[in-house]
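Once you scroll down, you'll see the structures, which are given as structure tokens.
In the two complexes that follow, chain A is the common piece, with chain B as its partner first and chain C second.
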Partner chain A sequence: MVVRRLFRDSAHLVRPALVLVACMALFLVVRSAIIPKAFGQYGHYRPGALDLVRQHPIAFAGQDTCVMCHDDQATVRAAGKHAHVACEACHGPLAQHADDPAAHVPKLPDVADLCRRCHEKDAAKPRNFPQVATAEHSSGMACNTCHQPHNPHL
Partner chain B sequence: MDISRRDIFTVGGKLLILASVGATLKQITGAEPPSDAYRLADHWWGMIIDIDKCIGCGNCVRACSKENNVPEGFFRTWVERYQIEDQIKEVKQPRVESPNGAIDGFPPLAPIDGKSFYVPKLCNHCADSPCVQVCPVGATFVSPDGVVLVDQTYCLGCRYCVQACPYGCRYLHPETQTVDKCTLCYHRITKGLTTACCENCPTGARLLVDFKNPKDPVHEILRTNKVQVLKPYMATGAKVYYENLDGAVR
Partner chain C sequence: MIPGVDGFMYPNEVELQWSVLIVLYPYITGLVAGAFILASLERVFNVAAVRPTYRLALLTALAFLLVAPLPLQLHLGHPERSLEMYLTPHTSSAMAMFGFVYLWYLTVVLLLEIWLEYRTEIVGLAQSTRGLKRWIYRALTLGSYDVSPAARRMDEKVGYAVTVIGVPSAFLLHGYVGFIFGSVKANPWWSTPLMPVVFLFSAMVSGIAAVMVLYVVCMKLRKTAIDMRCLDTIARYLFYTFVIDFTLEMLDLIHRTYESDESFRSLDFMVHTRLLFSHVILQIFLGTLVPLFLLAANQLWRYTEGTRKAMYMTAGALTLVGIFAMRWNVVIGGQLFSKSFLGYTSYKMQLASREGLVAAVLLMILPFVIFFVLVKLLPPWQGGKAHEA
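So, the complex of A and B:
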């Protein structure tokens, strides 16, 4: 009785209701078409972005790689104070060389510029770090006339 | 041809149902498979920086720039030199300089009346990062292994995050016009390498750490040293810890 009275004058509501449902369905379709798949799998972002970032090529091979082929330099270096200075810290990015040593033969570092960057005397450096006023210390000579880069101790 | 409103609704309705079924199916079946052995859930990355070891050589800045093709004039990591003069009567502000991000190191500094030291900076990979909170489209996020990344294909370039970052670690890439930042060398650390900056740091002032690895030295370091994060009052959950950091550093 009550129910029938409720629905008695509701014929005019059916069409708007259908339109509303259709609009909502349309919204859902458009939404699922626009939002990338798996969005929200880990959080409010596209999980594929993780793989995208990971695809970036590597420029520095890491010194474990260098040591595999360059035994000589590695043993020399391990005996001296540069033991913890990575090969590529001085030689620059050499992943391409490590992949194909014959095709990419690296240029040797320019000693005049190299040693100064780390060892120039500077009040802001930790006091226990070995540093010299390079101009006076070497009096214009290249550092590697006296020091051996891989094991700098004389 | 006569098309009644009824026809439009019946045909349109059927089409809609079909389309939504199709879209749902694609969503269910199209989830990406995990790409290899690296397990997101096993890691929680961060970094430890020891101010007392940094010599300001700029190796990290150069390495980062080469590894990540950082555009000229922008920096994902940089080094600052602080000079704090002795305060006798007046309060003096520290002098901070970072010539071109220290990509060529620093000009030598003569001894001053006071202290001076280097502070390397980079994205703090905050666990509750403000930059992530302000992104309107979900283009920047904290990955399940704790690295704050940007989805380059999704970023609008609106720069809200650039403004929100308390540490000034983000910039708009001049070519792609999307936001760019330190990825903690995500492409390296997920393959077992360390970051380019840590690899090239001669003194070990920077150390990549994995908080979820029980054998990582980070646990010992945090337990036995006085450590600090930058701007702790921002409560961003920063994961770049500093050892021997002076209170003047902002």
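So, the complex of A and C:
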């Protein structure tokens, strides 16, 4: 009798519970429909994303490709402090040039802007890293007037 | 020299990544949590005097809760991506877990409590209104028209249980916001385990102040007498919470000063220069000490009704400004100094951009629009008798 009365008086409370359960069920259905089937196969991401990344056009030719034609510059560079700076770090992405050197002739970098990206004086850089206050150091002269970029000795 | 930068900044520190919208987010969430805590005073802690603000506090909490995620979504730029945290949540992401806390708080706590509280009125209005309103109220009944005394007693019991669950949920909701900042270990301005606790108490302070101000404004607009016993009680609880909040903030300050780690000189300099106005003047003096003094004076001496109202309103408004300044100082202040401790940048708020002043003002107006609609739909004025404990 008491139990029956309890059920009768609380019958209306079942309705918000049902709404909640229905919303959760709808969420689970939508979730299973939206999430790609292979999600989580390699980690917390969609494996198809890897294929999408692979479809991007290749911009950088890579060190080995550059050296195939420009071995003279590579030899000079290998002897100096820029030995471990890749060609395209300064010259920019040149995959198109490597594919068709005649059709895509790269522009030489603007040294006034390029060198100071790494060598501008900055308190945050290690003390033994070569750095200068460019405005005072060169008075506007291009860096390669004195320095040889591929092997930057004086 | 970069304009607005003094000393040395790392390149990625010059421009602030978190704008005024990220200031609004903890502010709005805090108002939700605080308003709910005030509502729980009557329901759980048997403070019958604040009954006139019970429904008002619930509707305030709901209006602000619905707006709480919007600043984040606007900041994201791709608001649709925020749903990913529900679809593929990562358990190591505090943000993703917050999404579930938010949903829990919205559906299981706030909406359910409001529904239980208003059921008699909803059923009555579903039968007495016409047209679209009738359909809205009929939908809100969820098909149940049983408002017998026995059913209402059951509502009371369940409502009480929901509020009891709601109090730690409100703590969780806002404690989380403090956690998000407190857990950024690379930032000494944020990284303190006190952050969630400070955020929680400042949330309670702002929410109680907001409901107090809203109550007085609503009563003025409706040309209805203000229940001074209720107002005095809210002001008293605001004072108690504020004392705890201020003590915690001072504890944090004293601890930082005594500890004086490698970041201290830099942070100290920032507080005395770039944050002088927003931190020392707005947050500590105008937003904390003045309202605390006004509230404390009312605990010590008796004033006339008119004077008390003016003092409470001034204290409430200043408190809301002060807590906003606190959020500003945390979010913006934490990005103004370099992690090298060698330089400072500045924040220039944009005007009419996605994260500018206009967007922020509109986002602050929106909860009041929602509140207005909610009050029209579910009038909080005929509050009825106090809940049975």
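Worth pointing out:
Methods note: the second predicted complex is superposed on the first by the 104 of 154 C-alpha atoms of A that agree within 3 Å, B and C clash if a C-alpha of one lies under 4 Å from a C-alpha of the other, contacts with A are read in each partner's own complex, and residues count from 1 in each chain.
The rule we apply is simple: contacts are C-beta pairs under 8 Å (C-beta built on N, C-alpha and C of every residue); 3 or more make two chains touch, one makes a residue touch a chain.
Not measured: the values here are computed from a predicted model.
When the two complexes are overlaid on their common chain A, residue A:H44 makes contact with chain B and with chain C alike. Of the two partners chain B and chain C, more residues of chain A are touched by B.
Judged by the touch definition given at the top, the superposed model places A:A11 against chain C, while chain B stays out of reach. Within the superposed three-chain model, A:Q63 lies in touch with chain B and out of touch with chain C [touch as defined at top].
Residue contacts after overlaying the shared chain place A:E88 against chain B, while chain C stays out of touching range. Looking at the shared chain after the overlay, A:D122 reaches both chain B and chain C.
Residues common to the contacts of chain A with chain B and with chain C across the two structures: 39, 44, 122-124.
By the touch rule above, chain A contacts chain B in their complex via residues 18, 22, 25-26, 28-29, 32-33, 36-39, 41-60, 62-63, 84-86, 88-89, 92-93, 117-118, 120-126, 129, 131, 133. Interface residues of chain A, counted against chain C in their complex, comprise 5, 8-13, 15-16, 19-20, 23, 27, 31, 34-35, 39-40, 44, 122-124. Residue ranges on chain C touching chain A, taken from their complex, read 8, 10, 86-88, 90, 107-108, 112, 115, 119, 142-144, 146, 148, 150-151, 153-155, 158, 340, 342. Across the complex, chain B meets chain A through its residues 9, 12-13, 16-17, 19-20, 23-24, 26-27, 30-32, 35, 40, 52-59, 63, 66-68, 81-83, 105-106, 108-112, 116-118, 138-144, 149-154, 183, 186-188, 190-191, 193-194, 196, 199-204.
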